[in-house]
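One chain, subunit A, links the two complexes that follow: it is found with subunit B in the first and with subunit C in the second.
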Partner chain A sequence: MIDEKFDAIVVGAGMAGNGAAYTLAKRGLKVLQLERGEYSGSKNVQGAILYSDMLEKIIPDFREDAPLERHLVEQRFWMMDDRSHVGLHYRSEDFNEEAPNRYTIIRAQFDKWFSGKVREAGALVVCETTVTELVQDAYGKVIGVKTDRGGGQIHADVVVLAEGVSGLLGTRAGLRKIPKPTDVALAVKEMHFLPQETIEDRFLLKGDEGVVIEAAGTISEGMTGMGFIYTNKECISLGIGCLVSDFQKTGRSPYQLLETFKQHPSVAPLIAGSEVKEYAAHLIPEGGYKAIPQLFGDGWVVVGDAAQLNNAIHREGSNLAMTSGRIAAEAIFQVKSRKEPMTAQNLSLYKTLLEQSFIIKDLKKYKDMPQLLHIQSQNFFLTYPQLVSKAMQNFVRVDGTPKIEKEKMTLKSFTSARSWAGLFGDAFRLARAWR
Partner chain B sequence: MHIVVCIKQVPDSAQIRVHPVTNTIMRQGVPTIINPYDLFALEEALRLRDRFGGAVTVLTMGPPSAEDSLRKALTFGADRAVLLTDRFFAGSDTLATSFALATAITRIGETWGAPDIVFTGKQTIDGDTAQVGPGIAKRLGLIQVTYVAKVAELDPEGRTITLERRAEGGTQVLKSQLPCLIAMLEGTNEVRRGTMADALSAARAEIVKWNAKDAGVEDLGKCGLKGSPTIVKRVFAPAARSEKAKVIEAPEGGSLADALIADVFARQPHLEADLTALARGF
Partner chain C sequence: MATADPAVRVEDKLFQNRYLVDAGRCHIKVRPHTTPTPALKALLTACPARCYELNANGQVEIAADGCVECGTCRIIGEPSGDIEWNYPRGGYGVLFKFG
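What follows is the complex of A and B.
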């Protein structure tokens, strides 16, 4: 056992862990951060898009030296059937601003940088060390952690669980339940390397401009899921993910979906001739507000993916992670500066602050969406995309049919696939969940 | 007992690629590791320290980023780490490297006590020369034992060390006076996983950083590119061998040996004549 005691131990060095460790160390607390990977970022997987505002609140001048890929000037939403896509594209010169709003990043590089900042702030960062269990006293208060290293028990006033989506430590300690398969998506992604000019030509970019494509439709074969294509400087991140429960039900494998997605006529030309250098898979919390576990207790708080904090509708995960880490750190700092113990009652401040932030407000807004998309996945991810594609083609194709006939055909295709009651029901349910 | 272990940060050869057009090694983006042979040397040094007391100093020469490898060595349990880093060292071949390291080891001796043993790996996986260890020994006037598979015994009073050296045809058991330099072979031990206390002190440790002057180098002409007579004339990938293996089978009812001999003689006609002449002489 290590005699030395820390103010806080942060388990994990992803966005949430780094956000927490950095903020705690900056506030002068004695912080130990433990990471199982060889370095911060070696095990971390994300698309990845960085939202500036949330990082600015932690490291205001991050643009000076953070490894950023491209700032985003264009967002494309694609609704896909097997041979087509209906797109909604938004591109604006406003995004070419002095302090851009969003960037693509490569997590392995970005997290290394972030971890450097955590060290500079004064936290002790120890990698290649896995926390195997939480140490609790006779009353169940968390008083430290056990690691997989010899003599590896270390004590602290509070443990910040930033251990990622599976939440194994919290589950093992009986602080929470293991996430349900309906609340977790499995995503796979590849990094396609291409010369910088080729990427800029294919996506109509200049300099450090970048594009994001979010795609839904028949690519998920009726499962609740999405595909994405992000432009980095010299590579394209491309991936697809669906709910674990859907994979269980259909027996499909993620890489099969990824192969089909890559061969789609709208996607293949974008990555033609590329060299794949990296393949990664990751679980993503998708349960939304209703899946959030207990967030604090005696001697512990949970942040980031481990707390299921992810906005699946807006594809925001890492910013919720780093923000929850920061907010947890601020709550801990307040309790500490009042010289009060890290009890559940005092740490409930974390939840209060979280509820006042955009995180809980956003997740509450969409609290019914995950369930709706899951139950209605056949309609939202298979039927409607095909109908919309057919309607668009009917509208665009000129073949001598009177327009009034065409419109009738389109309407009929919708009502026969999904009856009037079904259509109105879906619209009503979607509107209510979105509200 | 003071033991110095020389390590090198090298690109992970398992992940390295050769450029298909220029045939040069593509180092960009390749993760770095501690030269695998050096880890066996480090573990052997740590075992001796654990048995006989003292300290293990890890030394490397390289760019500032080589600090990562030193910190890792501290996590395994080494006591202190010295990074020799200076632009004057850039471009060193094995002659210049052994000069710089030998000078630094002398300075380490002046600072923390003369080393009883200097360990190196047999060779590095990026250069594959196996020249730096012997170079250091020669410059420091140390007895050198290379291809060491195992430290069998150490007598601190008599100041001798018994080593198993792998040689052609078997294992030599050699006894040497201390101090000496030992170049370790692979696969003879397994580097330990440092304790939690080691990991914490490694994360906190201040790596000692020396430039050429700090290390006591007076003649910069012996360092880096200037001090390196080695010239790489050309780097190339050897062409694949074109000839194919031939399968010789025994003819129906005949002997395989006869068929084989006949085939050899057919390829080298003079051989039959030579052998026949040789046989006549007996």
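What follows is the complex of A and C.
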């Protein structure tokens, strides 16, 4: 199929792969990017929020032609029980700025645009081609790939594995293990179409302003999970995800959770009358710092979701993906400029640079968080939301009960559900994991 | 064993999606068995496209036409050898319009 040898082969054309391929091609390397979808984006699923800063570091003037939906002016956190939500909303006019900080995007459209930039930068992008195998020499060094297009091996000095969260190649080749059910969440999502004005009325928006709602509580039925509602121009992305191990354990189905979430009295009016045009599902790395696998080896690096780089607490994934792709590319470029071989020792520069970036620093900060939330899911996702909701109702409902009695009732509901030791223990564990 | 709530019809959801089905080449294979393992049983409910069903003999079967390629069944079923998971051939499978 392709006889020439490349400086680098990038497997996958999501955020990480595009970030890597673009940066490598811009630096003048000879790049082949292979994508199994019919175009970049057709297999990619995300909420999706784009963080400007990380894309600016790759394509500074992206706002000129990138397909962006709405810039976000408001963030809502909801703690939900079956009939109510307790919300923390942050909306600021500061977000109506010259160069907004966050946008909603639709991945199929955005990735297509990003891929166009990769081609313009000079990379050879080949779609509808599944990479089936990594080619290794007698010493285990990765020297190329095989695809389902036949034609034998394609060789390169280095292979960038941007193959997504459950990437087959790296796990089959024994470069890393397949993620554990406790370390990945399964999220399902629907695209709800509504007239633009209806979305703007329901969310109090003008122009291209947008809102993000992140919701947790009884919607995940005691499992570790979250729901989300993102406003796009003419549609709303709505979804919910829980740990795969929790689905496995409870026998609950993701689409059941999605239906319950949609019918919640706080959610239903937002999507009333909408037309659903797509149903998607995707895995999200949730293991954090402790789940990061070996990131480099002789002739290869792994980036993005495949490297489990996702900040579950701040709901950041695609920015870590594109940044890890860019950093891997910069490391490869440096090794190449020194005319040195792509050995594990030389490619360890990628990990060094990653450790100096926000990626590893952020993931390290929350390294104990996944375990805490996963093990204590009943308390954090069921008991506390119910208690907080009850406390709020007790606070606002006027029924002639003296306030001192009401406060005692609220306190009692917490201590009887969780005990003083449990409450202090949870607060302590949460504070320590957050630190 | 938990079964799916009949009120939610996944088929209606999948109907909105675009697919290019690679007829006769299912990208996921279930290991032949007489009684399903716990991992296989979990796939009946965990698969978001409900690709896994019990047949008349109580064995788990797969029909992957509606597969959204999330990889959940691979995470649950591949380590134990219950299923074999490959990507569909290039260009085939689900084609997300929005993603």
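What we mean here is this: the second predicted complex is superposed on the first by the 432 of 435 C-alpha atoms of A that agree within 3 Å, B and C clash if a C-alpha of one lies under 4 Å from a C-alpha of the other, contacts with A are read in each partner's own complex, and residues count from 1 in each chain.
Everything that follows uses one rule, which is that a residue touches a chain if its C-beta (ideal position, glycine included) is under 8 Å from a C-beta of that chain, and two chains touch if they have at least 3 such contacts.
Values in this document were obtained by computation on a predicted structure and should not be read as measured data.
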item	value
Fit or clash - subunit C, subunit B, common subunit A	fit
Subunit B versus subunit C as contact partner of A:Glu4, first or second or both or neither	first
Touching partner for A:Ile313 - first (subunit B), second (subunit C), both, neither	neither
Subunit B versus subunit C as contact partner of A:Thr129, first or second or both or neither	both
First, second, both or neither for A:Gly150, with subunit B first and subunit C second	first
Which superposed partner A:Leu382 touches (first subunit B, second subunit C, both, neither)	neither
Touching partner for A:Ala121 - first (subunit B), second (subunit C), both, neither	neither
Which superposed partner A:Ile178 touches (first subunit B, second subunit C, both, neither)	second
Dominant contact partner of subunit A by residue count, subunit C or subunit B	C
Superposed arrangement (fit on chain A Cα atoms) - minimum subunit B/subunit C Cα distance in Å	7
Doubly contacted subunit A residues - partners subunit C and subunit B	128-129, 147, 149
Interface residues, subunit C side, partner subunit A - complex	1-2, 4-5, 7-8, 10, 13-14, 16-17, 20, 39, 42, 45-46, 48-50, 68-72, 74-76, 78-79, 85-91, 93-99
Interfacial residue positions of subunit A with respect to subunit B in the complex	2, 4, 32, 124-126, 128-129, 147, 149-154
Sites on subunit B touched by subunit A in the complex	75, 193-200, 202-204
Subunit A residues within the subunit C interface of the complex	36-38, 41-46, 48, 106-109, 111, 127-130, 132, 147-149, 164-166, 168, 178-181, 184, 186, 188, 190-191, 235, 244, 247-248, 250-256, 259, 276-283
